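As written, the chain order gives the labels A, B, C and D, with residue 1 at the start of each chain.
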Amino acid sequence: MSSHPRVRVAIVGATGYTGAELLRLLLSHPHVEITALCARDKLTPRASTMLPALTGLVELPIEPFDADVVARKADVAFCALPHGASIECVRSLRARGVTVLDLSADFRLRDPSVYARWYGAAHTAEDLLAEAVYGLPELHRDALRGARLVAVPGCYPTASTLPLLPLLASGLARPEDLIVHALSGVSGAGRSANASTHFSECAEGVRSYKIAGTHRHTPEIEQTLAHVAGAPVTITFSPTLTPMTRGILSTVYARPSHEQVDVAALVEAARRYYASSPSVAVLDAGMYPDTLWVRGSNRAHIAYFYDARAKRIVAQGAIDNLVKGASGQAIQCMNLACGFDEAAGLRAPAMFP
Amino acid sequence: MSSHPRVRVAIVGATGYTGAELLRLLLSHPHVEITALCARDKLTPRASTMLPALTGLVELPIEPFDADVVARKADVAFCALPHGASIECVRSLRARGVTVLDLSADFRLRDPSVYARWYGAAHTAEDLLAEAVYGLPELHRDALRGARLVAVPGCYPTASTLPLLPLLASGLARPEDLIVHALSGVSGAGRSANASTHFSECAEGVRSYKIAGTHRHTPEIEQTLAHVAGAPVTITFSPTLTPMTRGILSTVYARPSHEQVDVAALVEAARRYYASSPSVAVLDAGMYPDTLWVRGSNRAHIAYFYDARAKRIVAQGAIDNLVKGASGQAIQCMNLACGFDEAAGLRAPAMFP
Amino acid sequence: MSSHPRVRVAIVGATGYTGAELLRLLLSHPHVEITALCARDKLTPRASTMLPALTGLVELPIEPFDADVVARKADVAFCALPHGASIECVRSLRARGVTVLDLSADFRLRDPSVYARWYGAAHTAEDLLAEAVYGLPELHRDALRGARLVAVPGCYPTASTLPLLPLLASGLARPEDLIVHALSGVSGAGRSANASTHFSECAEGVRSYKIAGTHRHTPEIEQTLAHVAGAPVTITFSPTLTPMTRGILSTVYARPSHEQVDVAALVEAARRYYASSPSVAVLDAGMYPDTLWVRGSNRAHIAYFYDARAKRIVAQGAIDNLVKGASGQAIQCMNLACGFDEAAGLRAPAMFP
Amino acid sequence: MSSHPRVRVAIVGATGYTGAELLRLLLSHPHVEITALCARDKLTPRASTMLPALTGLVELPIEPFDADVVARKADVAFCALPHGASIECVRSLRARGVTVLDLSADFRLRDPSVYARWYGAAHTAEDLLAEAVYGLPELHRDALRGARLVAVPGCYPTASTLPLLPLLASGLARPEDLIVHALSGVSGAGRSANASTHFSECAEGVRSYKIAGTHRHTPEIEQTLAHVAGAPVTITFSPTLTPMTRGILSTVYARPSHEQVDVAALVEAARRYYASSPSVAVLDAGMYPDTLWVRGSNRAHIAYFYDARAKRIVAQGAIDNLVKGASGQAIQCMNLACGFDEAAGLRAPAMFP
């Protein structure tokens, strides 16, 4: 099926949700051999002890991170560590020539002063920032080909910018006055157990958090939108926790640039924009994206509505936060970086129901 | 505890979710005796057959609706029927002198032409419209005292207008450019089983429906806001189905009327506005409403945020759609109509977790 | 409504789930005034900060436990602490004359050697064990009247013994060869967050734990059954975690004592046995208990089936683990201890849906 | 990757959950080309209209069933129709030489009189029964090679017999006195919406149904166990609905044939029995199967416990009811029937979380 030799891949941070999801997806990837698993805790001689879903499928150990070992065993490393913890790991791997897909926030913001303001600490690897490519293939496909350090986007930014990009690129929507109301499943909070991820306090409740300009994905979304709009963008962003495991449904409110806008024009612009993007489906007018329809897949479903009474565009994007919002997108970037087909290993449809 | 004689109460539409919830709440009401239960189907000699939660607690039959029988057995009737089906039931009961709390949409819109436009049929009881009082006690408390026909508000309108009323009444927010993004639990769709309420298609998915000016609660919300603003209001409204049984979390985006607005001012205005309202709690600055914190109670939790970067007010209201959004609010209106304490039978805190 | 003076009540361990549930239920109790709240952490000048459901309803502080203070402020104390932590608290309160309802396991097992075997530590208050009454009102109603120390049963034992008691007392079932397969909601694991209560790892999975004679509720169930059977009882017990917040559904398999048994006889025996028990409803033959039908209420629904092919009785009990399985049952015991109506404050039906 | 030509496959009953799952799995199968989709309703020129997860992935129409058309387009047909409806469809396809994987119950029971007793109608295709092979590859692997009509087992029978087969085959457990307590996700009830699948009535409740010898999977389980035990088997079977979409956790209680049994012996016997079965993993002693660990995969996790106090074996099996319990198992059978590797297209690990 393929003439590519398999690349050897390491996963650093293998025991969190995005690490586990990388394992799930890479096991079916035609051009990949998983050769090393590292983590900061939950070390074990057999990965399946920590991740019983892999019983009989993966028998690698989960070991402490050692850059020399990883560089010897792997050509490509996925770093699925918390922000802050990622910088030194990435530096050590890049110094040894390993291609790195970094899933943390550490290399996403181009401007270190913005990083410092939102993450509360000076960026300690500005040299690497220059090398890093922002891993939204639908926007930076060419730059990702052959990239050696990829900053994989956050889940909210992916779901929120995908429906907006065609509108800003085409000029159909105005870049000011944008509101992003985004619903996330609980796995977005990571595998750490705390009050806000306790089943009993999630299962029958919804609540927002870090709204009104306080969530760290705000500047990341703005950076991408500004890149396309060609001007600074300020959004109002409302992340909201909903009782499901996976999924983000992001609703974007925007003003049309003129009053003749209609849904057909919005859909048409988006279909043109994403014509060569295997991971984005623009739904027919009248259909509503549902996170269930993309769960487990590397696909974004986007849709457009026009409120003629209020003269406002409503656009929605649905993704699986762990796939197109993290691990799947990282693999999509790896495919481009390594010269594989962009969709290699990522063609499986969503699991419904 | 009370010198009130008990009023005799009938529930018409006892087998749906709001009917069942009326039963639950009225069973603990100090001034009420439930004397008749009617429904269109699921008739049974013993209510507990249809509603096993009542086993050993309620042994009334569920009978077909007969206005004469209801008028003989009850002083007050709650009509929990679908819109359209309610009008004739209400007319027949009012003709016999029964006080009616109508939970349908049939008497909510003051202007019959608006009703006709959104509900697709001419209103056939314009005479009764004049008598009907819109049952939002926080806004129409005085008119509800002694009322004989109350149009109990919809769940979305209750959750969405409560946080906005103080802002519009005080002039802190501007009445144009309003967006309402509201999340609802599945019970809001009623007890009828269909694809969109199937567990397997709800449990791990979120999706919007009837957005961009198409949901029938849109004119109801606008009517209430216009009443307070003193001018027509047009909103963008996005109802969204989330995988929980009960609850609405409504997020409202509004423009401040001047730039010196801050959260403290918003909270202060709301606390003043709701000072004598037992069913509304204005949360401290920094706290987020959670539908879990109001589940099962007749309380609304509202909270305010200010996005200084984008110069936008974000206000939220959380209610239980079946209680403050339907049956509890109907009882609150009954209390006012009958001269009871507004909170009688409605003081129970939420069930957490 | 009542000529009883209100008893002054303290809750020790107010911030866990059973503590919060005591607050919810006691706020509606006609003969109770809550006067003190204590906890080991989450201390706060205003309880509603930790339990926002109480905003505007309870403004007591949550303070560290001090036996002198509690004894001065309260006549009755509910101790909702983990086992082990409870013994000293109970001792100090009993020494000061406070009536104690203890929700921990510390005083449930009559035989200290059994306690030592299952809880891994010698019992340090054998003197108090003699005073303690096991708080299953359906079995020990008379002993509970006027009791000063009540060991409130565990959730699994309550749900599992209630359907069996009438069968063993009547001799319809044999006391050997008993299997208890019980499903629990996640709140049964308490408010502490850990991997096994993480929403993402509960919401779409079921798994057993501590089966085959290893769960600590095993000897408690056996003790109660042996008391009724008049002989030692050994059960096989399989607790299983299911993705719901509240509820226990316990299925019991038993051998009939003779082959002429049928469902009618089982139901009849149970109805006779529970004729004067306000918290137990024996369902009609053919109906299945559902945890949803008892959620939030202090009621147990029990039902009987007979597998004539395999000659085996199948009995089921459904309760809300936080109410009839903990806090509600504790209040039921308090009612008996204080001479109130057994059902005072506990009459509310379940919240459906 | 493969020298096999692709077989052309039709799915009859493509719009139900097992039909949708066949589509999901077959799209990734290396030796399959999907050529026809049929259904009884929800007909559409584009499958993705009914199954939006397939948007951009499958553009076949969903058409009414026509045996001639299916026989012309496909070599192999999966019939995912309700029992009763399947018989004629299977007959017409077999008459035209199409290999059939039937997911209904119509060809599972070897004895037509047992079928008549449990399904309430005489079997109308006894001739085909002789040809049908029961599709549990772990038991009938050889008979499945080259089979032309396969009766794919039910979900409960798969989860319940897999842990028992090694015990009965090895003689470690006795074939009498067996109890099967099985928990199922809601998708097991199919895609039809009714009261028992309504989110609001499932999400926070568990309840059994058709217990004590009344569920139609009872004779199917007994038939398989009797085959291995070499003697008639009668079980007590308790199916129970739990609030999750996918998964079955079946707990089996059995008596050991002698008292020296221990967990190590049980695990060892099972590992030997399933040594060449790619879809069964026998967990290490002490691990509990979790439906979440097999969700979306064609794998069964089985585990063994021994209750030495009560001298009883407790065995558990966890599967995804739509995969190893239906569509995945059907594909596994197809692989054997067509001479492919048994695990072709079925190697993906579970989706966690």
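Here is the rule we go by: a contact is a pair of C-beta atoms (placed from the backbone, for glycine too) under 8 Å apart; a residue touches a chain by one contact, two chains touch by 3 or more.
Because the structure is predicted, anything quoted here is derived from the model rather than measured.
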- Message: Once the contact rule is applied, which chains count as partners of both chain C and chain D?
- Response: A, B
- Using C-alpha centroids, which chain lies at the maximum separation from chain B? D
- Message: Between B-C and A-C, which chain pair is linked by the larger number of C-beta contacts?
- Response: B-C
- Message: Can you compute the centre-to-centre distance for chain A and chain B, using the mean CA position of each chain? Integer Å is fine.
- Response: 39
- Task: Give, as an integer number of Å, the spacing between the C-alpha centres of chain C and chain A.
- Result: 46
- What is the distance in Å between the mean C-alpha positions of chain B and chain C? 35
- Would you give the residues of chain B that are in contact with at least 2 other chains, written as numbers and ranges? 17, 185, 187, 200, 203-204, 243-246, 290, 292-293, 353
- Message: Considering only the defined contacts, which chain B positions touch chain D in the complex?
- Response: 17, 185-187, 191, 193-195, 197-200, 202-204, 243-245
- What residues on chain A touch chain D, complex-wise? 1, 17, 20, 23-24, 27-28, 30, 51-58, 187, 203-204, 245-246, 281, 283, 287, 290, 292-294, 296-297, 299, 301, 347-353
- In the complex with chain D, residue positions of chain C that touch it: 179, 181, 183, 185, 200-201, 203-209, 211-213, 234-236, 238, 240, 242-247, 249, 251, 253, 288-293, 295, 305-310, 312, 314, 316, 318, 353
